[in-house]
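In the two complexes below, subunit A is the common chain; its partner is subunit B in one and subunit C in the other.
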Partner chain A sequence: MSGAARTAARRGESRSLPALTSDRGIALLLSAIMAGLMLVFLVMPVAAILLRSLDTQAGPGLGNFAVTFADPRFWDLLVNSLTVSLLSSTLAVSLAYLYAYALQRSNVPLKPLLRIVVMMPLFAPSLVQAQGLLLLLGRNGAFNRFLGFDLDIYGFWGVALANTLYTFPYAFLILSAALAVADARVYESATMLGARPGRIFRTVTLPATRYGIAAAVFVTFSLSVTDFGNAIVIGGNFSVLATEIYNKVIGQGQFALGAVIGVVLLAPAIVSKLLEKRISSRQQAQMTDKSVPLTTRANRMRDLVLSGYCYAVMIVFLAIPGIVATASFVKLWPYNMAFSLKHYAFDVQNGTEPLWNSVYVALATAGLGVTIATVSAIVVQKFRTPLSGPLSFLAILPSSIPGMVLGLGYVLAFNNPANPLNMMYGTLALIIFLYVYYNHAQAFLIASTSLKQISSSFDEASTMLGGGVVRTFFKVTLPLLWPTLLGVGVFFFMRAMVSLSAVIFLITPETQVAAVSVLQLADRGAVNQAAAFSMCIMAIVIACLLIVRLVLWLAGAKSVTLIR
Partner chain B sequence: MDSKLCITALAALLLSVPAAADEITVYTSYEEDEAARFLELAKQDMPDLEVNMLRLSTGELAARIIAEKANPQHDVIWGFAASTIVTPQIEETLEAYRPKGIDAVPKEFRAADDKWFAVTGYMAAFCVNDERLEKLGLEKPTSWKDLLDPKYKGEIVMPNPASSGTGYIQVSSLLQMMGEDEGWAFLEKLDKNVAQYIKSGSKPCHAASAGEFAVGASYDMRAIKNIEEGYPISMVIPAEGSGNELEANALVATSKNKEAAKRFLDWTVTKTAADAYLEWKAIVTIPGGTMPQRFLDAGLPQDTNSVLHPTDFKAAAEDRKDIITTWQEKFER
Partner chain C sequence: MDIRVTGLTKNFGSTTALSDVSLDVPEGSLTCFLGPSGCGKTTLLRVIAGLEEADAGQILLGDADLSRTPARDRNFGVVFQSYSLFPNLTAAQNVAYGLECRRWSKPDTRRRVAEMLDLVHLDDQRDKLPAQMSGGQQQRIAIARALAPHPSLLLLDEPLSALDAKVREELRQEIRAIQQRLGITTIMVTHDQNEALEMADQIVVLNGGKVEQAGSARALYDRPRTRFVAEFIGSINTFTVQDPQTDPHLGTVRLRTSEPLKSSTLGVRPEAIKVLDDGQEADNVFAATIEKATFLGNMTVLHARLEAAPDQPVVFEAHGPADGLEPGRKLRLGIAAGDLKDLA
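Now for the complex of A and B:
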């Protein structure tokens, strides 16, 4: 089939010969702009880190790598990182697949609620999740203290659990998009040929969502491997490579050795890129011009079982922010449970100003991010230029860069008087670009997954009718894609509201953002005030979602899935 | 969108040109609330001086200063761990300066080459969760030695000295008071009871306050503030004598507004500043002044010198690298 698709693509090209020159020009220009931006805001900072890793007292060389690899502790941490990430990635993708399947292919009630609740970890700084887990499952957590359990969350299993919950929404977003579209004709034929539901799932549904699964595994694994927030709070004595970077850079000021580990953590990106390429080359478009959208049939037994599963998952995802919110509204959790609003009187430096800074930054990140991620996806998926290969690699590279490493790279690259863009250092604009590229991989994958599912025969038809690349985009691709793009925008907005580790090195007294205030409150022991601040961030994110939803509703697009 | 962003960037650039001549940027590791109070007073005394302050933890600030070395953004370092400020990569960014009135600060709290001086400091202290002790039927420990008792096994959390200044002064003070061999042997015994080495100096106290563990080795002000928050903890100053750290101020050599930076540093040794420090800090190096009642209530003696182990700050700074390497080999998990 891929052969046939390629032939079709070639035929499409030959048919569009008259428009070729200008189209080719636009394709190349757009590719060049995307490549240029990536060069400045991604490659340069990463290169700055690479250079640092080669920086030894005896001049440039591989000495730091030799030192790191000779340390048995490094290999222990590598094993820790890989095992815990493999486990949590497997769990997150399996659980999210079933959840997404239930929402897309069955009639479980209250779908909008189910959809929004599992997104909760994205709405608040990651500190909320770690704090919530400790309040629930810590040695003095609610389960132990009030229900008489004897749990000890610290260690391998705690980190695996935390990372599973933390990466679940990402897996769900990707898998939900992959399961959203299906061609009913294939299912009808399978049923008519006598295949039972289990067999249909194995032979039709699963293969059709292969690309989504691969993307979800890759994203969740990368997120787990590079996350240090959960591991540092819940890991106890269980350390991983990402916490070791923190240890080296923040703890001991050993940039070069921290950079070496940062470079090692780039490896998953390269491996998974190779794997992803192999898998996606066999992927075919789900929706073609002849497709019939799949409608869900009634099946009470199936709906009952899936509902039970979904509500169980929902309770877990509600409990975590729920207990943190409770802690922010009582005098002193868990010792004094009297209601109090005292944690909402923010006496942090600059008060609530960082909150408004963040809203501004998040809106700008959403606008810029959607534009950049979509154009990148189109450039890679639809235009075949010599830049497509390198671009598609760079597009997903950010997901394997720990936020702290990328942030450090920005400082090293942009706070250099020799850099013509040095003037951007210390401005919100640079923070906006950092957020865009830090979150580029997920946005790009979501946009690509959706693009892949729009058959190239739509493009061909448009091209045959004389539409150029630009016209085809605005008349054909955009109308099909815009709900996804709104979702990507919301995703960028959320990430810019809550991400912390990447910007910790870029904030200045004038460019304080909300997530940093949360960290500072937690640092000085005002954990309940930190929780209160997080709740405000969460409220803003949810308000943004509701506003976008209202706009959609007013525009008459009532059935659009916003977050996908 | 791109052009819009260019405009944003341009606007930001135009706005970031120093507006007033007397504007400085100060990097500090003082805790958020105390820094805010000190700064408020500084502004009252010098209304024409615009101070932009960035507060980060000791480790984060050190990393930031080193990362920005090619083009430092700050004029003054304020309230920053002395054992970290002497890191060569940071020390070489400083310029010697003797503030007006520096003689109020005794010599042992100043660098010999005048590159930094310390007006405040902090000392090691245990945060002990009384509720948890009672639940487990344990007595309150009063010394480091008490913590060796197997009944505390799994109930002690300590900062990791490699990433925490507080953790380092705890380890280095034990080594200084017991000597190398005995000190390391002691730490090995202690290690058997330690549940976790946490990366920051205040987190062990928070963990004890939250009731996750019975004993968190931390520092004085953290304990006092958590007691005031209402947590069921008490502060224990180890009977052997408490290790302590200085918080240093310094002038950055690349400052573009040195006169203003010097004015600010002069202010940090004035009477107003000293009085403010006394409200927030158990260790103030400028003599005179009395300790607030709330510190005494939390368990500090009027004369802190009576509980401090006389720290050799010079040795503590010089031995830092070796001690941490040995510690990591022995205990880092």
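Now for the complex of A and C:
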């Protein structure tokens, strides 16, 4: 048997167990259920957007695109979106690279603290960055009011800065992983050949992490280009494509034109996703089993400089939630700074209902999301059914769809009397499914990776001992997998608590969620109450992280990643 | 019951892993599938286990055709190369797994688990998790686990290759002892000829997805049918013979063989080549010059050149320090007619 045949043989082993023919029924049933759910909650909404964008009064055609592209305003918005996203992406990746470098390759003190503080933006809706920046640098911000500055943060720079802060943790996570692995032998060779630190960085460190940098650029860029919360809060008269969809749909009810911009927004997201995938697939095999892990040597000067940088960054990331917290605890920012808890009474709108809605939705999303992502991963990884191929493609499709676009697709698909599932429109259940499928790609990949790490020989051993798929799953796979799945649950919970743009179109007074409340309060100028609401969201997310961390610690599973 | 395999063929894409494989495994015997890596031996084991489906062919257990029976209903025990003990279950729970799948009662299960742990001498490790045991202990638990449900066939997939030399030696004997005590029909895959020679009742040599030859260790060593088998089991000199069927010659020397030759390839085991004293005769006698002598302690390996066929080097052995057999020395080598093996 040649090498190719052996590879094929190995692929055969891990991909399928023909021996499970008596479990064929279960495999087919689960595959069909997963495929059906994906068709309804993923394919149909995307199709609805595409169809609606082609739907003109004169029948199907490119009329809407023609109208949009003929409007000079569209090109202004496109330029705005691209420039502001390029800038914030460049800033976020450069700053995060140095930060990650300091944490991975030097001896700055208090690394765990530095690591967790820059994760803060993940614990709150994106627009908290804009909220905090306004409280710091806005017309009524601390700098202008109390320190005598005269700054104007509204507009391009405000959005760029807010998105930089918002996307920093995503870039940091990717770059940190890229910098975490290094082969000491290469560094030793470079040193022995006489290279100075600057040259080593340029010729060894940077090339080894270039794929990570590219991935970070793509991720931060597509997050910025599709984010709408920051732009609407701090943008002032500066509009971008994401805010334009909101205006077209919510303001003017022009669904078709909104759908056109949705399609336009899909393009950069899909392109950057494809490039990222291509690039990351080449990143393998930098480390072999012969590699020697790099250990950090002492260097006082370097550590001092990097510590200074890290603590400066940390202060910025503490200042944002800090100022928001302050605003939530004073009577009337910035005029009456006396301590008060009255903004936590939430005597507006629906009171605390949106908060409880969010917790309920987030918990349900976590439960349903983990189940769906795990079953999809099992169906794709372990069963060979005719549906496995299409399923594995659909499973990672959502990562290239901006939340706002998917959300609009849900409205178009489900707010349609012809749809038998029309009764789901206006319910929290639909929001839960939206969150599940919006975040499906990442959860699916985590679950698949963990499943792959569980050797297929366990399945085979169980089969040979007479165990069926169900028994194998509950007796062997699940006990090995549950800490990871709990981590996936936390991921779903966090995203559901903080996502704003995905649900903005699906909200009704009965199905208000917390992130949208923050937006509406901020929009109305109720700065303090908006701040209080943001604080509650952050508190819930952090509480969830702490509880799960404690559970995992008690169970002895300490190495599970919770923040992704 | 006997296992009979007929006409098994298995392709992975365009590559053939098994091509028309047929063999018999007699009841109660230990059969080794031996071959270099990539020869199809593991695929053959997996097809017999039911973990891979053959494209063509039959697997018979006694008279029953198992080809369409799912793996989990075949009641075969398998020990994998990498132990594959369930890492979340203790030794005893691992052994009990197959019994639970078969819905044994609690007391029966407990009794059988104790019996099995006793069989592999690990009763004191019953509550340990796999990670807390050594490789050898894990593999013994894996054997106990495979044997617990009274399988009709035991399949061992390179069970010793992940262990270090000393443990491997011990476990070889232990597996053979258990197999003989229980009288269980067993198939073992290995690439280690010593393992096969030591343990097997029957060795099936596989190459390129085909059975080269099957038989006892002795039969394969004494009567290899192909050059591949001759070279894979032990070492052998091969010579190209002129006019094998009509008037066999090796270079200028006419050959005397016990049976008429069919092919032009002839094999001679190194130990069959004798250094002749003056006046001593043999069926075939060659004048030779020693080119190299390598002292290996209990023997000396000698490389020589035959005057009759200088382009075909020959290797043979002398026991102990071979005094006077240094390079350049001329001597006579004798080979008995029966030691000339006709290799296809």
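Going forward, the second predicted complex is superposed on the first by the 329 of 564 C-alpha atoms of A that agree within 3 Å, B and C clash if a C-alpha of one lies under 4 Å from a C-alpha of the other, contacts with A are read in each partner's own complex, and residues count from 1 in each chain.
Methods note: contacts are C-beta pairs under 8 Å (C-beta built on N, C-alpha and C of every residue); 3 or more make two chains touch, one makes a residue touch a chain.
Just so we're clear, the structure is a prediction, and the values are computed from it rather than from any experiment.
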- Query: Counting only touches as set out at the top, which of subunit B and subunit C does A:F505 meet: first, second, both, neither?
  - Reply: first
- Item | First, second, both or neither for A:N140, with subunit B first and subunit C second | first
- First (subunit B), second (subunit C), both or neither: which does A:G59 touch? neither
- Task: Determine, under the contact definition given at the top, whether A:G194 touches first (subunit B), second (subunit C), both, or neither.
- Result: neither
- Task: May I ask you to decide whether A:P479 touches subunit B, subunit C, both, or neither, giving the answer as first, second, both or neither?
- Result: second
- Report the partner of subunit A that touches more of its residues: subunit B or subunit C. B
- Query: Of the partners subunit B and subunit C, which touch A:L465 in the superposed model: first, second, both, neither?
  - Reply: second
- Message: Quick check on the complex: what are the subunit B residues that touch subunit A?
- Response: 1, 5, 8-9, 12-13, 16, 25, 31-33, 35-36, 52-57, 59-60, 62-64, 66-68, 70-71, 73, 84, 87, 89-90, 131-132, 160, 162-164, 195-197, 199-200, 202, 205-206, 209-213, 222, 225-226, 229-232, 324, 332-333
- Item | Complex contact set, residues of subunit C against subunit A | 12-13, 15-17, 38-40, 43, 46, 49-53, 70-78, 80, 82, 84-89, 97-98, 101-102, 145-146, 149, 155, 208-209
- Message: Quick check on the complex: what are the subunit A residues that touch subunit B?
- Response: 73, 134, 138-140, 145, 154, 232, 236-239, 243, 246-247, 249-253, 255, 331-332, 334-336, 347-349, 364, 367-368, 371, 408, 411-412, 415-417, 422-429, 432, 504-505, 507-510, 520-521, 523-527
- Query: Contact residues on subunit A for subunit C in the complex?
  - Reply: 1-6, 8-9, 12-13, 17-22, 455, 457-458, 460-468, 471, 475-476, 479-480
